[in-house]
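In this document, chain identifiers A, B, C, D and E correspond to the written order of the chains, with residue numbering beginning at 1 in each.
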Amino acid sequence: SRRGEPDGAAAPQADQGAAAEVKLAYFPNVTHASALIGLDQGLFQKELGKTKLTPVKFNAGPEETAALLGGSVDIGFIGSGPAINAFAKSGPDTVRVVSGATSGGAQLVVRGDIHSPADLVGKTVADPQQGNTQDVALKKWIAQQKLTGVKIQNLDNALTLDEFKKGTIAGAWVPEPWASRLVLDAGAKVLVDEKTLWPGGKFPTTVVIVRTQFLQQHPATVQAVLRGVLDANDLAASNPAEAKAAVNRQLKQLTGKTLPAATIDRAFTGIQLSTDPLASTYPQLAKDQVTAGIAKSAPALDGFLDVTQLNAVLTKAGKPAVDAAGLDK
Amino acid sequence: MTAILEPETQSTVEHAVRLSGVRKAFGTGARSVVALDGVDLAVEPGEFVCLLGASGCGKTTLLNLVAGLDAVSGGEIELNTARPAVMFQEAALMPWLTASRNVELPLRIAGVKRADRRRRTAELLDLVRLGEVGDKRPHELSGGMRQRVALARALASAVHGAGGGKQALLLMDEPFSALDAITRDVLQAELLRVWRTTGTAVLFVTHDVREAVRLGQRVVLLSSRPGRVVQEWQVDRLSAAGEAKTVDEINGRLREVISSHAAA
Amino acid sequence: MTAILEPETQSTVEHAVRLSGVRKAFGTGARSVVALDGVDLAVEPGEFVCLLGASGCGKTTLLNLVAGLDAVSGGEIELNTARPAVMFQEAALMPWLTASRNVELPLRIAGVKRADRRRRTAELLDLVRLGEVGDKRPHELSGGMRQRVALARALASAVHGAGGGKQALLLMDEPFSALDAITRDVLQAELLRVWRTTGTAVLFVTHDVREAVRLGQRVVLLSSRPGRVVQEWQVDRLSAAGEAKTVDEINGRLREVISSHAAA
Amino acid sequence: MPPPDAGVDTVEPDAVAAGLDALDTPDPGSSRTPVWRRIARTAVPPLVTLVLVIGVWQALWALAFWPEFKLPAPATVGGELWARLTSGEALGFIWTSVHRAVLGFLIGVAIATPIGLVVAKVRFVRAAIGPLLSGLQSLPSVAWVPAAVLWFGVTPTTIYVVLLLGSIPSIANGLVAGIDQIPPILPRAGKVMGAGRLAGARHILLPAALPGYLAGLKQGWAFSWRSLMAAEIIATSPDLGTGLGAYLDNGRFLADMPTVISAIVLILFVGVGIELLVFRPLERVVLAARGLGGAL
Amino acid sequence: MPPPDAGVDTVEPDAVAAGLDALDTPDPGSSRTPVWRRIARTAVPPLVTLVLVIGVWQALWALAFWPEFKLPAPATVGGELWARLTSGEALGFIWTSVHRAVLGFLIGVAIATPIGLVVAKVRFVRAAIGPLLSGLQSLPSVAWVPAAVLWFGVTPTTIYVVLLLGSIPSIANGLVAGIDQIPPILPRAGKVMGAGRLAGARHILLPAALPGYLAGLKQGWAFSWRSLMAAEIIATSPDLGTGLGAYLDNGRFLADMPTVISAIVLILFVGVGIELLVFRPLERVVLAARGLGGAL
């Protein structure tokens, strides 16, 4: 016997105009390039005007999910896997995805002596974490290839590089820039580029997620942030050198380290910065969670997307609107 | 626990303590030890009673029962005094407090004002001839010095424990066992002086028969296994010769009691 | 620490222990306490020496120095015996061991075989009249019982401590203070028997002048603040009258010594 | 000297004291009570706590103070737990973790005990590595995991290294504290009985320090267990099996509160179980033999 | 009864014992030594340890036993540390973490002390929540972080909640262990002096349990500090500032060993500093007042 849901969650909130402050979550990671470039160039702040921008750095998806669900951040750049997860746990009254950010940028890279998927049998392949985007992709791929006896090892990306050098793992399904580092620093070769597994070579890697309450109260602020994302993506397209430099500046500032030019160059060829959330891929991603054995049934995605604000921004910028593939209700 | 059957008017002749058929067993089953069984003993208000008995006969146990530190296994203890002041067989000083702080402790607990406390503590330390070592901790004192600190503390507690106009009671377990003959004489005299001025009832355990006869008004002898009162002697105001005779008599009786255990 | 200047042939008349000008101070600076100063004392092999002195005069300190538990601040201690066996003023029993295990401990440490150990332990417990409470722990024993367990342990240690054909030495600090008169008589007799059979030298601290005169061959009186030998009495083979006279004399001297402190 | 200020006797709120006394009145015939009553006396109070906690939780949930995904219903968590228990998975998690923790803890005890002895009794060693021990104790296990994984790979070695680095300083410090509190007369008695360093440690110091040492062991176990959880969370591999830490991390990763709370319940369950089955009885024996331990 | 087996006197390797004795010979005039000598005696042994550790490390590195990325040179780590120290960042990290840890620890002490007292002395409460306390102690902080972040957001509240959940059980358990070891004669003496529950706790139990309690506080501090690190690693936000935990996590995230080791060194430095500046002197005072603590 539970009392009715709290008012805040049930009834839509009134539009309160621009927010006084917006907390923006992101990772110091190449796949979050839009966020890094936007921050570096002050693109978000420019669009936000008086609204105070507070960037919040996370190192991993679960923490960011918890912070979103707990109301500590308002808008977040986040992997598509954790985004589905956060939504599946809480529902459209709590979080919604409002835009894409990055697509592509994950590869299965292997040792030189692996020439075909069958060679992986009996070997160990690493991926970043149980249940994350790459883990699901790897498990699904293994299932499709009907391979048995491939051991999957969850490792921090940084450790994957070391283990690969040591030779304890035969390959790894990792996002950028780690795929590039494995190839360039450790002599790995690409066995599967995840792009090739998706129609049109596009699948969502990073998306923009917003707390529903914030979205309803401050749609103007959300639009401002999305304009910032758009600007960042435009910059990356028009001046890739400056975009890469911006990413490296941010990495240096946040973690004290930069990526070598070769690595960042290769990483940038693997990813695509685009606000298209690639809505049509989500039902497949949800089903893959079942194939990969980390969910018992595919989570329902009704109301997962809300592209109203994105389309408003795109229209104003004279770009084609995106389709929500029916996931917006 | 007052005997409600006695008429109110008799309350002035009430006993300070009365033990009736007191029994105390430690442990249960096969390992059970009956320390006391069927002990009947009464102490009148203001009376000085000395308790004698072989080592291990239950004297300390009896004092603990009277002090309310242990519960009887049978029988009844009637206490018509304020909380008794106790001097344990061990010094039982608080190791983190200096000697004078130890003496002061019962006064602090009783809520006595600071200046008052300090004055009385100094007086009591002088009384046990330890005026100069008040700032030493127990581990820096000799065995006899510790015993004297414990004595001073018990006296502080005795003088302040009596509340609500009730009779005071002082329980002492071999208080002078670690002292040389001269210091002991002095402190015996002091104890008698305190006893006379305050009218406290005293229950005093000792192994020194001579001391018992000299100090007490009455000497009670306990048997062992189980402890029980075997004989009593009135020893108040005895002549020197009477004292010597009683000492011999008590010693003889003690020897009998102990050999009967050996035989049993 | 043997006196290398004496010719080898004299080694049979060597002292068991000799203290020359021994000084012991606790602490430093203003809080320093000089417990002993200029103590000269020798114990012959097989001799029974009783040590008397006011409470806090430094008797325990002296035994600790001889036992090697503390270091002298000055002077020298010459020890020509095996490791001395010590009976402390407190019982100092291991609280986690039963009474018989406590008695057995020095034998275990000395590496005595199990069956042997058990037999001797049982003998010693019987000797102190505690044969029945061997399986009790210290906290289940009365004060006097604990003292007797400590006595049994010290005897176990004395009898086995002597190694390499060396003289034995037994240091005892008020060993009978918590015992009733009868038990004390019995144990005094036992102690004398052990002393005579084993030829152990004994340094015995007590407050009971009568006991000192009865047991010892020599009685040594210490002054206090600082402790120093003030007088010695040869008390071996005295007549009853001689004993009584010596007791009175010692008591008188003790009183003098103590009052001279009070005056100082 | 008549009592002049006899009225100033009570300095504390009597009502509180009386209430506490009532709760605490010793049962005079405690050892004669039948077995079922003694079991009831041990089992009922924890059950009361359990019922209270679940009651408050259920009430909070029913008030809908927080949305379901923040605070799931007790029944939901119960369902998750039940599913894991009936499928036998829970037992697998517990076994994986507990056997590792126990093994590591025992190794830790074996290494830490001599270290503790030496630190406690040798002045120079104490000055040299005493502070380091305390420093190591306050170093979180997660700090070691990356280094250990680099050095030893994702292998059981890594897990044990992290666990030992967590438990050894704690156990050693417990022993040092226990030894520091030994009444000095006991080692002195040992010395005059002829006990040298080793015999003294064996016959006097270790048993005398046992109550404090046991407290240290308890904390050491807690550190072992926590370190193990940290290691399991960070270093996961099919070779290592799924322990409770990995189970917890799965819940955390999926932001799935029922799983997180189930894992917390299972970890607590192990912690409480070890306390009740191992440390409580040990403590009871050790303290009772010394005549200590009032409310045990 | 002449000594029959006097030869069986020595049961231990004498050489070892003699060596240890030499290290440990008490200095007879210890308190008359000049200040500089006493400082030297405290400072030199830890320095010896430090030099030894760095020496072994340098040797291992020079042997190129492991590749550079696994075991960086001491100089590399020194460089990283130096850069952080000179830029003032290191001080910032330390300050952020230490002030939180100290505040949280003090709150923990204030809450845990009454809990410990009640658990130790009230039989029912002990049976009801004693095992729970030990269970909570063995629950890793990382287990709480996700739940706490969900409930309280990435705020200082979360950090303090996690820290308190780590430190309270440990401090309370330390106090319980300390109270259990009090010689029963002392509370009895308090009782006959008229000390009721509160006065008894204040005048007898707490001071008597102090040595054990202090050991518990030390472990409690370790738990506080470790919990804080765990919280800082997971919950990062500009509102919270960058503490040592966040610094460590950055190194971990990048598998950058010099950063990881620098963070470990800084955390150790805080741990050792707190031990030397706070707990060691406290312990010395507490034990010396009781005539305890041989090698201190």
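The criterion applied here is as follows: contacts are C-beta pairs under 8 Å (C-beta built on N, C-alpha and C of every residue); 3 or more make two chains touch, one makes a residue touch a chain.
In this text the structure is predicted, and so the values were computed from the model without any measurement.
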Just tell me the minimum hop count from chain A to chain E, counting one hop per pair of touching chains. 1
Two chains joined by the most C-beta pairs in contact, as defined above: D-E
In whole angstrom, the CA-centroid distance of chain B from chain E equals 47
Between chain B and chain D, centroid-to-centroid distance (C-alpha), Å: 44
So how far apart, in whole Å, are chain B and chain C when each is placed at the average of its C-alpha atoms? 29
Between chain A and chain C, the Cα-mean centres are separated in Å by 84
Taking each residue of chain D in turn, which ones touch at least two of the other chains? 9, 11, 26, 69-70, 146, 150, 184, 194, 199, 252, 255, 257, 291
Which residues belonging to chain A are in contact with no fewer than two other chains? 62, 66, 69-70, 156, 158-159, 162
Could you list the positions in chain B whose residues touch two or more of the other chains? 27, 90, 109-110, 139-140, 161
Hey, which residues of chain A end up touching chain D in the complex? 1-6, 9, 61-62, 65-66, 69-70, 82, 85-86, 89-91, 93-94, 124, 129-132, 151-156, 158-159, 162-163, 166, 168, 294
Given the complex, residues on chain B that touch chain C span 26-27, 33, 52-57, 60, 89-90, 140-145, 147-148, 173-174, 177-184, 207-209, 251, 254-255, 258
Contacting residues of chain D [partner chain C, same complex]: 185-186, 188-195, 199, 203-204, 207-208, 210, 286, 289-291
Okay, in this complex, where on chain C does chain D touch? 67-69, 83-86, 88, 90, 92, 94-97, 105-106, 108-110, 137-140, 153, 157, 161
Would you pull the chain D residues touching chain E in the complex into a rising list? 9-14, 16-17, 20-21, 23-24, 26, 41-42, 44-46, 48-49, 66, 69-71, 118, 120-132, 134-147, 150-151, 170, 173-174, 177-184, 187, 194, 196-199, 211-212, 214-216, 218-219, 221-222, 225-226, 229-230, 233, 245, 248, 251-252, 255, 257, 260-261, 263-264, 267-272, 274-276, 279-280, 283, 287, 291-296
